[in-house]
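In the two assemblies presented below, chain A is common to both, partnered first by chain B and then by chain C.
Right after this comes the complex of A and B.
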């Protein structure tokens, strides 16, 4: 048992990935209970995490690691502290509910198993991000979340919109991932360690390092792309093409928070500087307001929620940027509150669309309260929590948030504006679809139990958390805030803070928001005008860049991949000649003309024979004559080898030459009748190219012969060939013993080449009509 | 290529060529030769047979599919790298055993020999894959 305990974290993670891989098979065997079976993986994680709350709450982080590649300093290291615990609980808890929700959402869908696989694999990756303690491990899991997100957004791969949105999300987040990797490597270098838990203790070494600004900016770009911060926010609303379970999970409560998590995690290492505050607060505030304002004009359920998610992520970054004890506490509380209400609203939105036959616009929905009473209740609870109404946890979080901004009146104004928008969206999604008259032709009924469970637990959770906000603050929020702040602090959350200035501001926000909701029609109209701006926004920049890359790729493919063998050879040969020639000339060229040994008569005679045969090869009007002349060249070559005492080479050359002639003769059988395809101009170019190849290769060989090394490598082989390898033929001993791995590689390549040739010759595409 | 002289000559040349290819393979350790040249010799023997008679006839003589021959050769070369691992040496390090001969004297047998035989079969198989495929009518 002790042994198991030491590895519990990575065993639980491994179980997630195993569950993911087995999902399609589980679905095939028990299609009706796939979710029920697979939910055990996240539930096991939840139970383990809950059991660790007391220990972690007392400030004891749990570390589990083992060596992976010792020489590279690679460890598989996991660490559970307050911050990881908060995020991991959200991830696995909502993950469990989403797995069940998926069961109902994709009831009878043939691809349900595939979806389950993606979503559970994502969960494992996301847990990896928040639990890993080695920054390279964090990065690997980080990229895995981008990848699984791509698969999930593009799940309906027959829809072009879904494919484009998936590609966009992936390109943006993976591009950010590259920046992040650069930043992490620089950071690890500056800190002299790859362990996050050690890096965060060396904050001064990093903030005073000459690369600090570069590290900060690179890490921020990585985090901002992932967490949809301005100007990279555009991918998130587009990602709503994903099936709703994925939106509820990835694009509201977990993946998009990976960036926030990373910034929070690195706050002790990179924070407490002017640069940190400036960048994070500015971008965070812009994103917060932009998301809130953009949400006002939306009428599609999921897009309303998506823009407010952008906004909420902005708020978290903003609070983190300010970096005081109070804002960090507020941020940790807000992360929790947001996860509860946003996931509920997404699940209910998915349920509405699912049960009304695909309706997504809130303007075309209404009167669902009778048909879907439970969904209505949950949505209302979550909507009120989102708006920040008492007595919900959203209100508690908003209170701490306003308190924390006491010294920043401008940000309080921003919070009032954003908060009002949240109230509006809360009503629009939690009230509007259910009230009023049901439009004609709309049919709906309550969602199945599996889809009800998530909203009920999370919706009521917002209320329960608020009621028990004291202990919750102490057990969950406080350890997380301590991990971010890296100093002791205490969290006291109150449901009833008493009447003070912040409470008044809070109430004013609620009133403004409610008024705005009543006047919503005007905002929708105004948003129509705003859409002009979108045309020049970051989304347009992305499209232009993508089109540019595609055009460039098409252009150079057209230029380089002509489909004519001669062109490929030309490109290859000319490139080689230019590169090798340039290097050769730069290194001084060939100098040893006077050291060359004289050419004997028989060598000269064979040389002349070879040259004439070459001319015959080129000038011949028949293929057969060409290859026979080429054979002459080869046989003369073999003879030259014997003159210079290389019997191995000569023997091989002879057989090869024979076989080449046979192979070419056989190949010609398949070719059309011979004709000259070249014009005079191309022939001149070809002659120039051939001569330059000949000259360069000749000079290179001559130069290679004159390279003097203190002890020639051949001496070693001559000394050791018989002694160590029991062979007198040094050439062969090198091939099969000293450098056997090279030979193994070569024969493998040979095999692959033969299989390739076989495929080209044998497996021709079937002619049309002949199935 | 239906000349009767060519066919008759091939019939007589074919067995000695194969024997010679094995001889070249085995002597390679001390004298010019080796798996590569040996494989080429064996390949040319079969190529000759295919030219004199037909590819189908040559296939019959070879019995196995040339691609299988390649695979066997590659596997043999790969496996010959395993024994040194047991004595904690690097992959493909030459490992030798001395066998007593019944007629007195000893024979040194080493993993490089099996490696070379692997090369022989790969070269033979690759060559014949090409020759047979190119030489076969549609």
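Right after this comes the complex of A and C.
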């Protein structure tokens, strides 16, 4: 295995992203073998992961890191331990099968390359989530999965439903992502490190930190939105607008488990507290039951499966919430079982729809067993595993699950109810479409090889895993459970547990479920009434909130962006006054009258002159008087400059002011006299706004006098002006030497203004109708 | 001294902003002028008022005996004065051309014409 040492995690991840980017080109060159070529990326990952099972099983985590942005503490750090290994194997293994499946599903579709690109990019992102050891890196990959999920759900972008569903999934998961980011930052702050592997060793520091509850709630919101927990579950069934390969991959076996993964990963850091148990167990159980019950009323294949996925995710969160050794083992086993049967059922469902010309409702399907015998076999295997029938891995997992809930009778009841629903759905998807008589007008044939491979491998896999459940439990489930529990434990999975109370409960569940399936028609009717509740459910809240935001945006754009200059000035000025005023008050307001130099008479006189001239400028109804008053203000400025040792400024100001007055006076010759168009009310409002600006600016100037700069850069100029630049006038030296480039910019502005003015003056508008 | 200048700056800002909110184009330009005076004076005052003489080295001397006025705000303001003149001149010509082309100096009427 020495050769495999060359492959490291980041190289394999990079290969995934490179494969994603090259997918459209590969498709253009070899359209018939795109999938076969691209599957090498996930396969390389699978082989590498498999080769690491013995090492990781012995408790050695494989780590790899290099610096990214050292000053920010950012590292590209990866770590493969038992939990990462279990998830990474599921992701890359099912990923490989899905890539092949896509080849058959989109056979001849012109956009196949684009779809492959999205789905492989998603695979890389998802692998990044489970392999990254730096929490900010986890977050980056986490957001990438949301983004690729958006692209995949909206793949069929000509359909409005697909676009809306994509947007909904994106908004819900990205909104949750923001909460998650806040939680992760707080957590990194509390633990004093960004490394996940170090954070999980500092559980006490975090659970006893004053921000613990905030961290827990924020992280939970992030995980719950991603993993479709109540009340954020609604986006997942809607996401079934995605093409089936994406549903089978993202929305059943991988992406939606990112939240579960993160909670499991952080269990040693955040778990073992009452708050953890309360939040996770409550939400998990509600989601588990809600998903199971909502599934009963569905007849569209994929939605049926989607609701049971919601339910299964709820079960995982519930088991994680209880947080005992046994529930954690059960959860790890269930993650594995669920990935196998759910991906199979989705792939078969996609195959049925694909080969029957778009039929999606199980009520309109039947008798497909002759036309699609292999699909039937796979679906039946997976359906039975889902229902928890022996001898499938679903049964093994369900047994461990029931064992673990020994002390929680209420949750056992919930499991029986949910389990019965799983049996019903298992039959509805793995049995119903294939049995009975084929409805008239339905034509079907078996799916191509590429689409068969996934269901066969995963469907039979459920059986194989169960037969070898001992070694599987030891090699895969145990290291994962140890990583979640953070203490030593042993996993012994049994296919035949012997007759005990849990076995009896299991059998009772199967019987109830089977009976329910036989009476399915009644459930569908009952659940149809339930759907009235959906109108007031979270989906409706989401729609109302979205519409509200859009309406608010339209309203304030209409109010603020009127297209009238005065309104823009008003909004800008008022906002500035309010913000600066608030900052001023917060920082302690006005500091006092120290640091002031005494008032000299001549400055006071000029001050009064300038104020009067300003009033005259504003108030005058005559244009000429207005300009002359402006000139008075400018000349006073020039004199003030001379008082305070700025002769250069004074000279410039004098010249420029003279030029301005002349220019304005010349222009007025061509312009009409003033009209006061505004009403008295507007004028009063404007006066109030203007006075508030004046007051704020005055206060700011006084406050600025108290700002002490330790070593003003000016001293450097004063010292070096003669030494380095051989100039005696420091201001001039700054302009033409130290900051010569700025002056060049200034000259450029002047030139452009002059050219513009010249062009405008010479420009003759074309007469209408002229050529 | 600073108090006087602070009040003057406040008045300049208030007057400038008020004129900029009028409907007449020329008043807008005059307001702009007042505002730039205010801004220049603000930089000047905030940089610290020193009556120690101009930052110009006398013939024969190699270093300043006493600290002169701060040269940095002066350099900034010098640039600002020139640039604001360019802006004023360009705006004036633009408005002149606008008036000649569309026949009004009222910004609200201009908005109406857009429709």
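A few notes on this one:
Assume the second predicted complex is superposed on the first by the 557 of 771 C-alpha atoms of A that agree within 3 Å, B and C clash if a C-alpha of one lies under 4 Å from a C-alpha of the other, contacts with A are read in each partner's own complex, and residues count from 1 in each chain.
FYI, a contact is a pair of C-beta atoms (placed from the backbone, for glycine too) under 8 Å apart; a residue touches a chain by one contact, two chains touch by 3 or more.
Quick caveat, the model's predicted, so the values are computed rather than measured.
In the superposed model, A:569 lies in contact with chain C only, and not with chain B.
With both structures placed on the common chain, the touch criterion links A:718 to chain C but leaves chain B unconnected.
Once the two complexes are laid over each other on the shared chain, residue contacts for A:762 go to chain B alone; chain C is not touched. Using the contact criterion defined above for the overlaid structures, shared-chain residue A:726 touches chain B, although it does not reach chain C. In the superposed model, A:623 makes contact with chain C only, not with chain B.
In the superposition on chain A, A:610 makes contact with chain C only, not with chain B.
Applying the stated contact rule after C-alpha superposition, one finds that A:741 touches chain B and leaves chain C untouched.
Look at A:543: by the touch rule set out above, it reaches neither chain B nor chain C. Here chain B and chain C are compared by how many residues of chain A each touches, and C touches more.
When the shared chain is aligned, chain B and chain C each come close enough to touch A:656.
Comparing the two interfaces of chain A, the one with chain B and the one with chain C have residues 647-648, 652, 656, 659, 663, 667, 670, 728-729, 731, 735, 743, 750, 753-754, 757, 761 in common.
Those residues of chain A that touch chain B in the shared complex are 647-648, 651-652, 655-656, 658-659, 662-663, 666-667, 669-670, 724-729, 731-733, 735-737, 740-741, 743-744, 747-748, 750-751, 753-755, 757-758, 761-762.
The touching residues of chain C, when paired with chain A in their complex, are 1-15, 17-30, 33-34, 37-38, 40-42, 44-46, 48-59, 62-64, 67-72, 74-75, 77-79, 81-83, 85-90, 92-97, 99-101, 105-108, 111, 114.
Residue ranges on chain B touching chain A, taken from their complex, read 24, 28-37, 40-41, 43-44, 47, 51, 67, 70-71, 73-74, 77-78, 81, 91-92, 94, 96, 108, 110, 112, 115-116, 118-119, 122-123, 125-127, 129-131, 133-135.
Interface of chain A with chain C (complex): residues 563-566, 569-570, 573, 593, 595-600, 603-604, 607, 610-611, 614-615, 617-618, 623, 626-627, 630, 633-634, 637, 640-641, 643-649, 652-653, 656, 659-660, 663-664, 667-668, 670-672, 674-675, 677-678, 686-687, 689-691, 693-695, 697-699, 701-702, 704-705, 712-714, 717-719, 721-723, 728-731, 734-735, 739, 742-743, 746, 749-750, 753-754, 756-757, 760-761, 763, 765.
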